[in-house]
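In the two complexes below, chain A is the common chain; its partner is chain B in one and chain C in the other.
The block that comes next holds the complex of A and B.
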């Protein structure tokens, strides 16, 4: 059949190519007016396995930007502009703990990272409550998670605007987060 | 009607055909010359084409006559040679013009550093004394009759600095310094615009060049060097407190307060500027309210996030900003 009308192959090929390129359109939505879960929704976030009495269930707060490349790249910009890298460096850690490894003192779930940014943590992490708007905090959360490969590869940033100092988040191998069982106060003397 | 009058006035401040100052005049002359020559050539070429289309072969004319073929060959060769010659003249003239534009101007020029950001312009007047530095945004004051040398940087992507009435364009390239000079000979307001696509709000990345008589410019510069005015009335005082305890301080600075971040425009003298948000809105009370409450609605994608302030706090912040003359 195809040998009888070779044009048909070309047409089919062109249609297939067109269909593939269509996939690039409207890849995602850039949310400028997003209503994101705010601080009140997060007041019950558990940060540690240690708690009095029987274990209670985690409150699940969906991260709005784990699948949005634009928001993650905004997070990457804010990470430097708000001087997160002043302590965490480019995720490798220095004054503050590293963010690109598997170890999470206060939890790796999006709501844990959100709470850490908003509430601050002992031994140096300042509270950014009423400083960074909730939407930008969620963008930072998504970016921080991309550092240890917790986001999909097509969402994590593929290049830096400035001089590149670490491997791209896109190329990071996925870490398997472990929650630290050691009480945070003894971790960093 | 007002909008029509406004837009006509706006075109008046933004046209390559109303040049002011030596650089713009040179460019305008080059443009006019090229336009005139091209217009004449277009008429000639079109006439030749029409003649060829409508011409009929004469009775008994031999299309294969070698003499005729030679004549045609000669005409085409002459036309090609003339085209090349005209192009060489154009080349020489534009080379000459750009040489005159890029050299260092005579006299003692004023130095201004301009940094392009997505999507606004940071303008710094530096001095050998650091306490005399002044920083503003989206508004460049220059003295009439004195050449101004700009050095350009970019903090993110390529931008391009263009004031049609005063001079040429220059790209702002990250990691590379570029420069440009011009001189304004008439006092007035000249509109400038980013001329290199730089992202979502490229179209709303405008600025104004305000050319003033030298004494007035000197006065302005002294005022811009000052730290911010301390608010006296209670509403503005509350506004200052709200400002330094709100997300505003993550990006903006107001000298003399604890707000010292350099991500967004310096607001030390914001009330003295004509526009906000890089020429997007006139600097009025209503627009300040609108901009703080809903920047993403007015300029989608802008780096300024919506700030959730209560109505009283918002009014206080606006009152405070309006005292920053």
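The block that comes next holds the complex of A and C.
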């Protein structure tokens, strides 16, 4: 006896039957040809908390992989393969800023992180537009959020295959993101 | 396992001593009141002949004036003094300030703003530093982070010329202090952690136009190796070794930047400079000697033609960039005075080379070493300890010294009065795992995870007074943090340096006793200088402003929960944020 997973718009082809719980079903699904949201429209990516008058609702941009452990582990692999770890290391920062703390210069929402990876940022984040496929960008987005404990414990990566230099993402304290930290260029005299 | 230890002695016994190479010790500035290049002179002694401040009165030093740079990254530069003006270059955004020394409080005359590309911050390994400017022909010449060299009129602060020398999208930046020799501005690139191809470039001092460029890697015609190339060691002789000592075309992304110091011998007419690490750090990816990275070249300044070369670390295993300062001394060796080049090297040895031929005359440890069992003087090659070789997928522990070496860029000084070299340096070890290498232009190309920690004794820094004739330390001062500032030594027999928790210290040049200290607002990683002011008094000046690789944890606001942050240095510096904040200041001292 088995039950089907709910249909998801970005799932292509026949969905195999799963003999697991709904959550586990989604957590372990391996999407190799997912149709994912493309670059969020500008209207979906809020950059400032300052808004005249009442705040309008934030656009609901789906983050396709925040609940998918396989995709997040792929994000971890890609984080090293695309040399993100060369600037951000395992979240502590170095050339680039830390990704494991609460401070987000350009926003911690999935669409903010996606836009940062695709468009770059003025003070040294390169633009990977047309360099990394959108599906992989979303996998990176989910992994980056796991570094500061923003994903569920059963989705975030556990054991690392490399030298232990930080707590596993699964064990990180959930941070409460602080937006609009000061970008470096505003610190020049 | 080989763990050579240094001897520590008391007072130095009398005997023959080293002296600076005579011609190089004066050029390019014969006026002893000034400081017109960061190394003070072509011999790079960083020695001031001023002697008003002495071991007996230095305790009375007072702050004469100060100046805020307004920049909060690591300040590694030496201030310059030309005539009655002091010039300061800041970290990115690389402002140039001119201060009027004739007025009380040295007010600001002008500021030059080069407006380097903000994106260059993304290809700056190890903080957004700048190591200083040089004065030449009425111009202040320095590099901006985004791989430009600028020349600014020293009187007016107007830009005279600007030359783009590298491409940040290939991972290139420029942080070193240029040296001007025979009207040629010598500039090298940074980016060994980004898979750049290293080079030294000569620009015309009047126009900024390219005169020659000598690559570190690649075919002989690119490296400017021709018929007059006469390296001392057989392994350095041969054709196109900059290609054949690499797998495939890996030399094109093989690193070997030139981000450190240059010295010049006017008698031999040779410039000497070191080349940085090969890329990537993981040595499994690049079998072969990886020439001419982690080495040193002697070249003609007018043409760039290579005369000799030597590699400190063939097939470098540990990121031991070979870019430290060269002290040009005349030294008694086996009863005969030799023209030598002395280098306290990253791998932990004080090398003495014949500077005419590149022969290694001696190499003695000045720090704790597990990676090598000495230097083979017959072949010039290090005796590598196999157990410490980094490997892909394996964690190798107890690598000493760590990647920044026993000593990094921070320059030593030498006093002809004491015959001692005052070496600021580290005491650090690391664990390292090699990982898969992926080259993407303009992104890091390192392929290693590193975690650094204090070496034996638990102190992380030292100032060692090294006797190059006796080949041993005369005295050693231990410091809590890596001593990431330069030293300056004066004819009054006082040595000055700063600590990363913000102390500016004066030691007795003879025995290392601490004579005076001052607490600055931020940690000190700058290069102190000493000059005579318009009032005839001797002054000592230094920039504070913690940062650099060692201080990136503060300057970059890094997260110490990640031991591998900042290429592993954060793990060794977790307590630094507790004792200092960032922010650049100039401090200038004099006797009352």
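Convention: the second predicted complex is superposed on the first by the 141 of 189 C-alpha atoms of A that agree within 3 Å, B and C clash if a C-alpha of one lies under 4 Å from a C-alpha of the other, contacts with A are read in each partner's own complex, and residues count from 1 in each chain.
The rule is simple: a contact is a pair of C-beta atoms (placed from the backbone, for glycine too) under 8 Å apart; a residue touches a chain by one contact, two chains touch by 3 or more.
Because the structure is a prediction, the values reported are computed rather than measured.
*Asks:* Is A:81 contacted by the first partner chain B, the second partner chain C, both or neither?
*Replies:* both
*Asks:* Applying the touch criterion given at the start, work out whether A:33 contacts chain B, chain C, both or neither, answering first, second, both or neither.
*Replies:* After superposing on A, A:33 lies in contact with chain B but is clear of chain C.
*Asks:* Once the structures are superposed on A, label A:124 by its partner contacts, choosing first (chain B), second (chain C), both or neither.
*Replies:* A:124: touches chain C, not chain B.
*Asks:* Under the stated touch criterion, which partner chain does A:94 make contact with: chain B (first), chain C (second), both, or neither?
*Replies:* second
*Asks:* Among the partners chain B and chain C, which is in contact with a greater number of residues of chain A?
*Replies:* C
*Asks:* Contacts for A:51 in the overlay, against chain B (first) and chain C (second): which applies, first, second, both or neither?
*Replies:* In the superposed model, A:51 contacts neither chain B nor chain C.
*Asks:* So which positions on chain A get touched by both chain B and chain C?
*Replies:* 81-82, 131
*Asks:* List the residues on chain A that touch chain C in their complex, please.
*Replies:* Residue list for chain A touching chain C: 80-83, 85-87, 89-98, 100-101, 103, 120, 122-126, 131, 162-163, 165-167, 184-185, 187-189.
*Asks:* Any idea which chain B residues touch chain A in the complex?
*Replies:* Its residues touching chain A are 156-157, 174, 245-247, 249-251, 263, 296-297, 300-301, 305-308.
*Asks:* Which residues, counting only chain A, touch chain B once they are in their complex?
*Replies:* So the residues of chain A touching chain B come out as 30, 32-33, 81-82, 130-133, 135-136, 161.
*Asks:* Spell out the residues on chain C that touch chain A in their complex, using ranges where they run on.
*Replies:* Per the stated touch rule, the residues are 69-72, 93, 95, 118-125, 193, 395, 431-433, 435-436, 438, 440, 442-446, 449, 451, 552, 556-568, 570-571.
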